[in-house]
Every structure is written in C-alpha cells, then in structure tokens.
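To keep things clear, I will list the structure first and then write my remarks on it.
So that you can tell them apart, the chains are marked A, B, C, D and E in the order they are listed, and the count of residues begins at 1 in each.
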Amino acid sequence: MSVLAATCLIPFVGFLIILCLPRKSNAAFYTAFGASLVAFFVSLALIPPALANGALFTSVTNQIWLDNPALPIRFHMGVDGISLWLILLTTFLLPIAVWAARSMIKERLRTFLAFLLLFEFGVLCVFSALDLFMFYVFWEIALVPMYLMVGTFGGPKRGPTALKFFVYTMLGSVLMLASILYLHSVTGTFDYVEMMQGFTSGRLMLTGTQQTLLFLGFFAAFAIKTPIFPLHTWLPDTYTQAPMPATMLLAAVMSKMGVYGLLRFSITLFPNAAQDAAHWVAILAIIGILYAALLAFIQPNIKRLIAYSSLSHLSFIVLGIFTLTQQGADGAVFLMIAHGVSIAALFLLTGYMEQRRGSLEIADFGGLASPAPGLASAYMITLYASIGLPTLCNFIGEFLILQGAAIVNFAWAGWATGGVILSAVYMLWMYQRTFWRPKTEQVAKLPDLRLRDWVPVVPLILLMLWLGNYTQSFMPPISSATSRELQQNKASQEYRVQLKHPRTVHVAEVLRAH
Amino acid sequence: MDTILFIICAIVAILSGLNMILQKHPISSALSLVGVMGALAVLYLLLGAEFLAMAQMFVYAGAVMVLFIFVIMLLNMGRERASRKSWFAQIVGLPLVLAFLGILLFITKAALPPFRAVQFGTWVGGGAYNIGRLLFTTYLLPFEVISVVVLIAIVGAVILARKEID
Amino acid sequence: MIPPMPVPLSWYLFLSAVLFALGVAGFIYRKNVITMFLSIELMLNAVNLTFIAFSYQLQHIDGQIYSFFVMVIAAAEAAVGLAIILAVFRNRGTLQVDEVDTMKL
Amino acid sequence: MLTNYLPPGADYLRFLPEIILTAFGLAIMMLEPFTPVRRKSSLGVLALVGIAAAFATDCWAYFYAGPAFHNMIVIDGYTTFFRALVLVVGFLCILPSFSYLSRENAQSGEYYALILFSLVGQCVLVGAINLIMVFIGLEISSIATYVLAGFLRTDRRNNESSLKYFLLGSFATAFLLYGIAWIYGLTGSTNLNVIRQVLERSSPHTGLLPGIAAALIFVGFAFKVSVAPFQVWAPDVYQGASAPIAAFMSSAPKAAAFAVFFRVFIDSFTPLNGSWMPLMWGCALATLIIGNIAALMQTNVKRLLGYSSVAHAGYVLIALTADSQIGTQAAMFYLGSYVLMNIGAFIVIGHVAAHNERFVLIKDLSGLSHRQPVTAALLAVFVFSLVGVPLTGGFFGKFYVFQAALDSHLVVLTVLGLITSAIAAFYYLKLLVAAYMHEPSPAVETLGPPATGVHVAMWAAALGTLFLGIFPAPLVAFISASASVIR
Amino acid sequence: MHLWLIPIFPLAGFVINGLFGRRMPKALVSLFGVGSVALSLGYVCYALSQLWPLTTPFTGHYYTWLQSGFLQVGFDLTVDRLTAVMLLIITGVGLLIHIYSIGYMGHESGYDRFFTFFNLFVFFMLILVLASNLLLLFVGWEGVGLCSYLLVGFYYHDNYSSYSANKAMIVNRIGDFGFLLGIFLVLITFHTLDFSKMAAELSTMPVETGAGILTMICLLLLAGSTGKSAQIPLYVWLPDAMAGPTPVSALIHAATMVTAGVYMIARLSFLYNHTPVAMEVVAIIGVITAAFSATIGLAQHDIKKVYAYSTISQLGYMFLGVGIGAYSAGVFHLMTHAFFKALLFLGAGSVIHALAGEQDLRRMGGLRKKMPITFVTLLCASLAISGVPYFSAYFSKDAILSAAYSHSLWMFWVGAVTAGVTSFYVFRAFFLAFFGTYRGHEHAHESSWVMTAPLIVLAVLSVGGGYIPVMSWLSLGFGPAAHENTIAMDISVACGILGIVIAWLFYIVRPSLAPAFTRAIGPVYTLVFNKYYVDELNHNAIVRPLKAISDVVLWRGVDEALIDGVGVNGMGRLIRSWGGLLRWFQSGSVRNYGTWVLIGSLLAIFVFGLVGGVR
C-alpha cells in the first residue's frame, strides 16, 4: 500500500471505529483527532517524491476495481504538484476542524466527527483519483457527509438549505457523470493517465463538438461546486447555515474540488473546447469577483459576508486557470492553498465569535477588540491574509493570477484588480464595525481566546506567514505540474490549426485520418 | 350454411356484447355475456374445436358465469348510479375505443396474409383425445403449473371472502 | 341441403377484434365493478376466439390448448376477483368503482 | 409410446426450485389449521426454509443449464440470476412480516403460502421461453399478489389497492393475451426462439402485424413493470397495500416482469427493434419524468416510494432501450440493487408506521435519528442508494445503465435521465431531512425498537446495497457471463 | 555587507513586543522598541561608511521569493545613493520620534501595541526603500499602509479613529489598484521587476514601440503614488489620518510613508524620463495639489489638520519637483520636509500633550511662556517651512521653484503664491497657539526631556538641514541639478515673508481682522472651511450609490430575485407546476386508469405501425 492510499484510508478507518464507539464518550473525539493527525503526518511523506518531480504522478496506487471489458474501472490514484498541496491542505485542516468541533458542536459530537472523517476520506480520494470513475464516486461521497453535517448540525433553516445544496450540486455532477460515461464509450477507458496518453499520441481524438459538449458537462459540475457566477446561489445559504467546522471545510476544501477539477480535467481532456471557452469563463469569473465583492459589501451577517468573499476569491482561482498561462495556473493552485488556509482561519475565528456572542449579525457586535484583544489580533492577521496583503498567503496567488490575466488581456486584469480593492473595503468595514468602535454592553463581558482556542489558530497563522514569505518551498512542484497541464492543453494547437484553416476538409475526415 | 351460421352467431355475439355494456343492471350484463359465450361456443365448433366448445359451455358459461350471478345476487346489487367522476374516461373513452377498433380492423384487413377459408368439418383437431394427449406431453409443465393458479384462487377466495379473522 | 359456404378466417378475426373492443369499452364506461369484470371476461373470450381461429388456420391444436389455459385462468381470476369484490363491498357497501378512489395523486 | 414424451430427469432438477416452493406452500397450508395463532410465525420460518432450499437448488440447477419440459422453460445464468433475485426478495419480505402480522393481529399461514406461490409464478416467469408459460407465470404471480395486496380484508386501503390492482391487472393481461394470440397466429408458435426465427425470415411489409402484436405484448409487460403511461396503478396500489407487501409487489413481480420483458423483446422481437426502440425511448423518458416529478409533491412515504419505483422502472427501461448486451447486464445489476434498496426503504417506513399504518407521512419520520440512530442510518443508506450516490448499489446500477445507453448512442436520453435522477434527490432527501434534521415526531417518540426480523432484513438489505456499490465486481462478472444468453 | 540586518532589527522589535509586550514592563518595551531602531540606524551608518562613496549600487541577493514562468522575484535589497538618503531619514527621524513617543505615549494604554506597530512600520518602510525590485517595493508599500491603518486606528474604540483608519486603507487601496496594474504592465513589457534589469531592458528598447506603453506604466504607477502620497484625487485620507497619535502623524504621515510616492517616482526616474507626458502629469498634479490643499489649510481650526494639509501641499511641491525632472531637488525637499514637518507635528504633539488632548487652535493661545522649548523649536520649523532664507526649506523648495521657473512659468507662479499661503497658515497656527491669551481650561506645562530633546535635535536639522549636500550627492543618479535661478528664489522668498507678515497682521496686530475678512468672503470661506465638500461628494457620489446598487440591485434584485428566485426556485416551481398534469393522470379512478392503458396501447400500436416493419 502506498503512502497515498494509507493517507486516504486512515480517516476511513477512523470513521469505522467511531461508528462502533458508544454514543456518549470522549473516545470519539480522541479517535477522530488521532486519525486525522496520523493522516496528516503520513501525508507529509508524500512531499519528497512529489518535490523531486512535480510533473509526474508519484505515490501511485493502481489496483483493479472492476475487471470488466465493458467497464474497466481501476482504483488508480497518485499525486503530482497540484494535488500534493491540496491533499496536505486537507489533512492539515482536518485535525483543526476536529478540534474546533469539540468546542463548537454541542450535541451528538460523535456523529459529527464521523461525518468529518468520512468527508476527509472522500475529499482525499477526489484529489488523488486518476480514474474518472473513481473521481466521480468520491466526488459524490464527499458531498454526502457534508450534506448531513449541514442538515443535521446547521442553523435554523438547515433542512431546506441542505436540500438545496445537495440537489444543486447533484444536478451539476450528473452532467459530469454523463460526460464521463460518454468519454468512456469513446475512449474505452476511465483512466485519466491512459486517456491523456491516447490524446497526446494522437491515438484518441475528440471532435470539436464532442469536446465542447463534454467540456460543458464537466464544467457544469465544477462550476456549481466552485461555484462560478451565476451558479452560486446555494453558497451563501449553505455557508451561513452550516455549523462552523463544516463551513470551514466547505470553503477551504470542498470548493477546491471544483477548481481542481477544472484544472486537472477540463483543460487537459478537452483542450480546444477549453481554449474556446477560456474567454467566456474568464469573463464569468471576473463578473463573479466583482459581483461577490459588491454583495459582500452590504451583508449584515459576518458569515454571509465571508461566504461572498470566498466566492470572490474562488472566482479569482477560476480566472487564473482560464488564463491558460503559467502564472495564472500557478497562481490559481497557490491561491487554492492560500485561500484554503486563510478562509479556514477566518471561519474558525468567526466561529469563536459566534460561540461567544451567540449571533453573527454585525449589528450585534462593536468594540470586540477591547474585551478580546487576542481574538482581534488573530482576526486582523487572517483578514489581512484574506484581502491579499503582501507577506501573507493570498497575495502571491492573486498577484500571479492577475499577472496571468494581464498577459492574456490587460482589461481582465484591470477589472479583476477591482476585486482586490473591494475585498479590502468590505472586510475592513466589517472589522471596523465588529471589533472597533465603542464597545457595547453585551460585548464588553465576552471572554478572549483561551489556550485551547489558540491551538488551532496558531498553526494556521504560521502557515499563512510561511506561504506568503517563502513561496518557493511550495511553488516548484506546482509550476512543473501546471506547466505539464498547460503543455497538454497547448499540444492541441497543431490539430486546431488543421481544424481551422482547411475549411473545405470536413472535420470528420481529419479525425478519420488520425 | 357455414356462412349463415357464422353470421347468425356473430350477430348474436356482437349484440349480446353490446347489450352487456349498455345494460345498467349487472344481472342483465352477466346474462348477456352468457349469450356471447354461447354464440362463441358454436363458432368454436365451426372451427373444429370440439372440446373447447364443450368447455366453453360447461366451464365458462356454466360454472364461471353462475359464480358471477351468484355474487351479484348475494350482494343484492341494484342498477348502477351515474357518476361525474372519471370525466376523463367518459369524454375520451369512446373516440379512443373506436380508434382502437378501427386500427385493429384496418391493420387486420390490410396486412393479413392470405388465410384459409373455414369450412365446418374439414379439420377436426380439437377433440378430447388430441387435447388430452398434448396436455400431458408437450404442455405437461403449463398444465401442472396452472394447478398452482387454481390453488391460489382457492386460498385467495377463502382468505378474502372469510367473514371474520379468527 | 344448404351448400357449405366457407367463411374467410379473417371474419373470425374481425369478430374477435370487435368483441375485444366491446370489452374495452365496457371496462371504461361501466361504473359497476362487476360489470367491469364482466367486460374483462368478454375480452378474454375475444382472445380465445382468436386463438382458436389461428389454430384452425395453422391446423394444429396448440392454439386450442392455449385457449383452454386461458379459460382455466379466467376461472381462477373470477374466483379471486369476486372474493375481492365481496371484501370491498363488505367494507364500503358499494361497488360503484368511482367511489373507490381514496388514493390518488 | 407415451414414455417418450416424458421429460428426462434433468428437467425436474431444473424445475426443482419451483417444485420446492410449491411443496413448502402446500405444507404450510396443511399445517396451518394445526398451528395455534401465537405460533403462526413458525410457518413463516418454514417458508424461509423453503425459500432457502429453493435458492440452493436454484444455484444447483445452474450447473445443469438447459431447456426443460419441451422448451417451456430454460435454465441459464439469466434465469438463475432472476430466480435467485426474486427468492431473495421473498426472503427479505417475509422477515419483517412476522412483526407486521402480529402488529396487525392477522397472523396466518396463508400469507406465507401466498408469498411462496407468488414466487413460484415469478420463477416460472423468468425461466419461461414460451409465451404461454410467460402468461401462466405472470398470472400465478399476479393473482397471488392481488390477494396479498388485499390481505387485511377489513382494511379499506388494502381493499382498494387489491381491487385496483386486480381490475387493471386483468385488463392489461387481456391486451397481453391478445398480443400473444396474434403472435401465435402469425408465427405459428409461442416459443421465443421460433418466433424470432420466423420474424427474421418474414419480409418487411408483413412486419406490420407482428408489430401490432408486439405492441400489445408491450402493453402487458409495460403495465406490470409500471412504465408510463401504464404506471397509473402503481402508486395507488403500493400506497394501499401493507408495507411488507408493497415492498414485495414493487420488487419481485417487477423484477420478474422485467426479466421476461428483456427476454421477449431483446430475444424474440429483435427483428422489430427498429420500431420498438423509439417507443421504449419515449416511454422511458416519460416514466422518468412522471415518476420523479410526481414523487416531488408527495407527503406519504409509501406513495412516494411508489412513484420512486415507477421512476426506477424508467431507468431499467433505458437499459432496454439500449438494446445491447451491456444494456441487459445493466438492467440485471440495476434490478439487483433496486430490489434491495426499495425493500429496505419500505421496511423502514413499515417499521415506523405502527399499528394500522397510521404513521406513513414524511413528517412521521421526523427525528428518527435521535431515537433510533441505527434505523435512521440504514434509511440513509437506502435513500442514498435510491438517489444514486456512489458506493451504493443504486449508483453503480445507474452508472451501468447510462453507460449502456451511451454505448448505444442514446445521448439525449442519458442526459435527461441523469437530470431527472438529480431532481429525484430532492424528494428522497426529504426523508432524510425529516429523519435527521427535525425534532422527533409523536410517531417516533412512541416507536418501539425494531423486531428481530425487521432488523435482520434492514441490515441485510443495507449491507447488500453497500456491497453491490463497493464491490460490484463479483456480480458484474456473473451477469456479464449470463446476459449473453438472451441475445 | 548584510543589508538584511537593517530591517531585521525593527522586525525583531516588532516580534518581541508583539508577542510578549503585554506581559513586559514599559521600560523593556521602550528598550526593544527604541533600541531596535537605534541599532538599525547604527547599522545603516556602519554600512554606509563601509560602502562609501557608493558610486555603484550595492545589491544583496537573499532568496528567491517567487518564481513562475518568466516571472522571477527575489528577496533582494539594494543600496544606492537615493536609498542611503532615505535610510538615514527613516532611521534617523524614526529614532527621534520613537524616543519622543516614550514620553508622549507614556500614560496611554496600549503602549506595547504602539511600539509593536511602530517598529513594524519602520521595518516595512526600510523594505520599501531597500527593495531592488518593484514587487518587494510593493510589499513595503502595502506594509506601511497596513501600519498606517493600525496606528491611525490606534484609538480603535473611538468612532472617528476607526473610520479614519478604514478610510486611509481603502483610499490607499484604490491607489494600489493602479500600482498593481502598473506592475503587471511592467512585467509584460520587461519580463522582469528588477530595477536594474528594467533599466537595461529599457536601454535596448526601440523608442517608438515603447512610448505608449511606458506612458501607461508611468501613469498607473503614478496612481499608486497619489494614493500613498496623498495627492489629488486621493488626498482625502490624510487629514483624517490625524486621528492617530501625534508621533504617528509625525513619522508616518509627514516624514516618511507619505513620501513613498515621491521616492518611487524618483526610483523609477529612468522610466519617467522616457515619458514626458507622464512627467507633465506628475508635475501638474503636484502643483495643483500644493495650491489646493494650502487653501484648505487656511481655514482649519485643528492644529494637526493644518499641518496635515500643509503636508499634502509640501508633497505637491515634491511631486512638482520630480515631475519637472528635478529629482534631486524633490528628494532634497523630501528630506528637509521630513525634518521640519516632523518637528511641526512633534511640537504640536507637545502642545496637545500639555493640553491633555486639546487640538483646537481656538482653545489655545499664549503658550509661549508656558512651553518655551516647544515655542522655540516650533518657531524654527515654521520659519523653515516658510522658506525664510538660510533655513532648510529655503534651499530645497527654492530649488524646486527655480527648476519650475525654467520649466513652466505658470507652475512657478502657482508654486510661489502657494509658498506665501503656506507661510500664512503655518504662522496663523503658530500665532494662535503661542501668542495672545490662553483660551483653554487645562493647566499647560512644558513637556519632559524625552519629548523636548528630539524637538531640539529636529530644530537644529530644520534650521541647518539645507546645508546637507544632498543635491550633489544625488547628482550621480539623477544628473546635475539645474542652476539656481535668483529671480525665482527672490520671488518665492518674498511670497513666504509676505505670508508671515500678513499672518502677523491678522493674528497679532489686529486680531479682529481675521473674522471680518472671513465674513467678507462668506461663501468662499464656507467652501474652503468645508474642504470644498470633497468628502461629502465622495460619500454621495460613490459610496452611497455603490451601497445602494449592491444592496437593492445586486443582492435583492439579481441574487435573490433573479438568479435564485426566477432561475433556481423558478425552475423548481416550474417542475412543481407540472404536477398539475398529474392531477389528471393520477386521479385515483380505475376507469381513468383503464383509459390511460388504452391510450398507451394506442400509442404503442401507432409507434409500431409508424416506424413499422421487420428490420
């Protein structure tokens, strides 16, 4: 068993153990924390091979799942520079979420922790899957515990919200399933690596129409999951209603599944369609950046505000990917990580606020910095990371993405940079209204962070600083992996020329020749 | 002779059938159905199905229909009442039935391969011997299995018609 | 002596089609459960006629055997069906089929 | 000599499961008067033993594959699979019946005997290669289920369910029979192989009549498997019947009818597939849309599951529309997982329903996870499987079906089908929303722990569902070997 | 030479005070806070002495920060002559103000927090000037902005302070918008962000191809500068930023941070030199800002606001200087301004401190006797800023004005008149505070030596700073300074002195003159007093519409009503409305069901008949 398989399975084992534990016992917490921590330390072993060559898939596990000539399904997983950090992000955030859950989830903690571990299992498998079937399977598996967490432990409107969340995402993912199936019936395999070999060697070929339709099928799933404007309306409700540890993972990890899919599959499997669509997707992303920022601006609820801010940042990532430039893609991957860390911290701290005040309406706060300077400082750092202050993590990602956008179309960069400005506006205004100003009576007595509250915050802040200041410890594998992806995308250029110029030659004939 | 017999029986069958579905009282309908069955029995005979003609009379017209009439009497049913429900069936039913009949007749007419003419006595395959022989050889399995149906019918009738749960 | 005038087989088939259609019409238009059931019996009779007619056409008696099976099953169905009708009547005191529609939509 | 006509010994072996079931049924009938009311469940145990024995002989018969009784039935992988499937259904439906019958104060042996007889009919049906056997098998299965649906004869809903099922079932059977009669007349045989050979030889312009005959046969089957627009009866009947019976009716007869549906259309009517494929296409889509959308606004769980079972028929029909080897495999797998999850869901609601099935609304499930977390978790497994979430049998079945459809270039059907399956998530998850996200309802507050039989059946169905989703390989291997026999 | 040591000391101070400051005694906090800057100053001196005479820039490469595609950014620090001047200003003036703060902040709560942020500011400011590439400069740029935000919001529990802090940050961010775009354009054009490599690329670049894009780059970067250096149109934040403690105003909003824009333009002079258009824009912005804000300064009652507008005005002079190519003059004025403006603020701080927080000139007066040291030092500063001969600004401002004289006459005249206005309002404030009778209630007293000592040092620098040969020192990088034009100098000196005289007339000789005059020009005065209503304009034309659009149109309209309501839920409603169809289907009536079976069979027959036939 490879390190990767072990990393993925440990949470699952933890999940099974928790299921067998008695209902009211601390053992569930220790099991969950232990399992997630072990998974984190095991996952660290993924780094050396991936650092050596980020463009290759390392720590590969390739087992037969279903050995049927009609449905050849493999349990094929591996990491490259893109998935490596996402996997580590997940394993890093899970112990934090488990820790946070202990103080934030009052009832049925055991069930919640079980869901958390199942979620981790699903997400890890999504990030490491190299078989499209497997990818889809775990894509959905990750959704289930999240749905249950939102629905069971969420706010007052949890039921309808969770339902909307599930059905919305499901609608997208069935279209992806259709595309995967179609891809299989064209190529005869579900294996991503095999498919890519087929495409690069010219053995396999998709027509323009096929590419477009398949691209749209995948895009539907990814766009809803990410989400991309205008498919985002599930997001604010879900983020707001979800219990805080779940919101944290939703924003930090689950949203990355969508953008990861875009980068991993959409632009390599359907290069021409991706190139054609890049313009439109980028415009949607830019609209999303500005739109979400403007909406965040006037939200009366902190959680909802952060939810919209997350949407804005995710649109940055999408923009980065669809610049189809090295900087854009690198920035996108980096921002995935950076945004994961910063948004997790933001939600975690917001969770502490909710725990103390019992509400997250901005109007209920004011002057919180006086009774809780520690919370205020930590919040300030995180908030600055989030709005892209240099030396903190998000800046690098946003800078690279905007740089990539500027290379393709300077106007894009212009509009998207507006999002950076707005992010400062709404975040600082929120901070001013909650932490600053004269303190109110209700706020004056609120306690500051205690040691056990600091425990999950400190690693997050340190990571933000590390990511922002010593980028090169993360960037090389990302760069090599994204450059491979982009090469695969560009490799179709030649074919594209064939398609474009000899108008008289029918597309199908070109294909038949291959 | 054959033709006349056929036409008479066919007219009887159709008229009885029509009567069955036009009568408001179940007893009248049931008795009309007996008429259809009798006419059909004659036709079976014309087609050389001796055994079945007998069975039609004894089993169908005799036993089964008696059962029906018995139940109708038992429940002391009167004329059926008019009903506004099922307006959908009421409205579209007739055109649909006519269309159905039309299609059946048209296609039967249009696409039918050349068929024999039926002449009484030219082929008598359906005697009791032949039927019995076939039943116990080729159709042994269905013959045996159909006994399960009868069994279920008995059990089912007992369960459903029993007065009280003991 | 009236000369035997052979009847085209198709006439039998037309007759069975008409009877079948009558049965369908009865099922749709009659409001009494028993009469509906009688209509079904009429349809089965039409089917039997078809079987026997084809049996004559093919000149082998398998068709008659099938017809026989249909009769047996019709009898069994009658037993069960009437029992069901009895049970319904006992519970509801009516056999108007339109009144047996508590479950819908 | 007559002895020449007597079937050889192997024929009996091939038919042994049916014989055993009948024998056990008869034995139960005979023992029934001598069993005190409190001990009636021992007859149920006897029925379970009978089913187990039949299952064993079914597996045994697989090694003696071949036609039997003058080509009336055939034993092959396909038959074996479906016989095993209906037997499993029977087993799973008898298990919760013990507590159900005692709860409704209706203990009797006939109940178990009828289930066994019904299984006989389904076993005959799936092995039939002669239309007359198809008809008889169908009738055995149907008549037994008519009775079962109305088993609680003092219950108005049972009555209505039974009456509707009976009237409409007989009505549709008449169409089927009419079609069989025409096929017999046009091809001179009712043997499926002969029919195909004759149809293959016949010239195109004579195809119209066989087409009409096939259409009438289609009506009969489509009715039994509740495909639109013949699905109308299904929700009413499933809602009215008792939960274990509804579970049974929506599983075993449907699976068996689908088995023969495939055998007849893919095997015999292959020469006509140019005309039936568009029909199936439209019906499949209509079924999916009607089933799923109607289910959206249900508040009664049994009725909801009734519509869900309609919708699932639509997915299997997609596999039939694909008209391919892999389509048949997909349908087999789909039905295999469908029966498990469907029965499981019905058992859970039957468990919650309490005496006289008072609590069958979605809101009655509220808070189930607070009081009976295990039951709720199992319900979650069934629901997720019905939705088609991966690692459950329901997902893999759907996956298989749509793969088959795409391999046959049914792109639009696939996309629309998948979208309806996403819409379906909406109403299925309402069950979980109630069970997990609301405070306990009175129904749940007063709910006792599940009886042993219910427990075992739920667990078995859930584990089966998960097994099929996580390790589909063994079953896929078996069905891909056996699906070939019908083409 | 370890250049990284220069910024590392304040960083260490920041870390130590930040983590442990709350638990440490004040003395220790001051030790770390002030000591770190002192060490930094010491190391700067040492390093410069080692590198003397610094004819070629010295660069230290430390680590690769970021690499992606052709983009490569290192953590590299460079010292050249310009940087050397800046380093000395930052650490030197910074140290003085740190020392001053010990006294000024002594009894404030959050003493440790103050020094933490102050040290962080020095760190980022040093990074800003040491950066050898544009991105690292941007890091410092944003960092000082952050510290400015934190320190303006030092009294965070106060509504106005927190509002001002936000305003400062947000307005700066708007400038950064341009800065960032400028960086992107630089990268696209030069494929590097290193100043030296950019210069090398530029020298090989054909003029025709580059002109347009270079202008674009320069204008975008200029947008950043206007934000940071509070020039029109982004000057609005600086007056409000005075809500922070006075040392903050002195260090950040007078001496160092706000000059970053000037520094950046000077740093990129090789770029600006290629684009006369951008240069002209810089100069125009500078001169207009100088005049415009000087007029606002005339009518302010808050002593710090007066100095704030004066700062804006002086920054305008610097912009004018660099805009007309007199880079060394601009930087020279930057330096002298750092001295006298820091002194003005610290002196004002001393007054405010003595009056327990009173900032309104109308409640001061007659402090000359009570606070003699403050009085003398402030006098030096006021004379300096007025350009009185042989005081520091006499040299630097007049260098700019004489360059302007030869560049464009109208700029010179505006600048000269503004010089007069400047000296008027500076002395207005001075007279109001120190002469006449005391109009307040607090018991005023002279500040302690920790505060007065820096005042004295700065006073010396303000007086003698003009003799530091910065212009010739910088001529290596910017070319020789233009010859001084005696006519221009005379005019500007005359204007300055005239301003002082008028102030003396208005506020000492005939105090009734000022109110009479304001009444006479009524509406104009109101306009100026209300800062030309620019804040109100911004609020009503930008902020409120933006909020309204976001709230009503985007949130309620597009998001909730359109996308979610019509799109998502509408789809749901549509699907549900199809359910009406089912009423028809699932009527519960057996006869209807039979009809459906019939319809189905007709359909089946029809399809079979239509498509028909054996294949």
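Quick notes on this structure:
Basically, a residue touches a chain if its C-beta (ideal position, glycine included) is under 8 Å from a C-beta of that chain, and two chains touch if they have at least 3 such contacts.
Just so it is clear, the model here is predicted, and its values are computed rather than measured.
Listed by label, the chains that touch chain C and also chain E are B, D. Under the contact definition, chain B and chain E share the contacting chains C, D.
When every chain is reduced to the mean of its CA atoms, the largest separation from chain A belongs to B.
Using the mean of the Cα atoms as each chain's centre, the chain most removed from chain D is E. Comparing each chain's Cα centroid with the centroid of every protein Cα atom identifies chain A as the most central.
The largest tally of C-beta contacts between two chains is found for B-C. Chain B and chain D have CA centres that are 30 Å apart. If you average the Cα atoms of chain A and of chain C, the two centres end up 65 Å apart. With each centre defined as the average position of its C-alpha atoms, the distance from chain C to chain D rounds to 27 Å.
Averaged Cα coordinates give chain D a centre that lies 76 Å from the centre of chain E.
Annotation for chain A: no residues touch two or more other chains. Residue positions of chain D with contacts to 2 or more other chains are 132, 136, 139, 143, 146-147, 150, 153-154, 162-164, 167, 171, 205-206, 208, 212, 235-236, 294, 297, 423.
Under the contact definition stated at the top, the residues of chain E that touch 2 or more other chains are 582, 586-592, 594-595, 598-599, 601, 605, 609.
Touching chain pairs in this entry, ordered by label, are A-D, A-E, B-C, B-D, B-E, C-D, C-E, D-E. Put simply, chain D touches chain C in their complex at residues 132, 135-136, 139, 143, 146-147, 150, 153-157, 159-164, 166-167, 170-171, 174, 177-178, 180-182, 184-185, 188-190, 235-236, 239-240, 294, 297, 303. Remark: chain B residues 1-4, 6, 10, 13-14, 17-18, 20-21, 23, 26, 29-30, 33, 36-37, 40, 43-44, 46-49, 51-52, 55-56, 59-60, 63-64, 67-68, 71-72, 74-75, 77, 80-83, 85-86, 89-90, 93-94, 96-98, 100-101, 104-105, 108-109, 112, 115-120, 123, 125-126, 130-131, 134-135, 138-139, 142, 146, 149-150, 152-154, 156-157, 159-161 touch chain C in the complex. Chain E meets chain C in the complex at residues 582-583, 586-591, 594-595, 598.
Chain E meets chain A in the complex at residues 22, 63-71, 135, 138-139, 142-143, 146, 149-150, 153, 156-159, 161-163, 165-166, 169-170, 173-174, 176-177, 180-181, 184-185, 187-188, 546-547, 549-551, 554-555, 558-559, 563-564, 567-568.
On chain B, the positions that touch chain D within their shared complex are 103-104, 107-108, 110-113, 136-142, 145-146, 148-149, 151-153, 155-156, 158-160, 162, 165-166.
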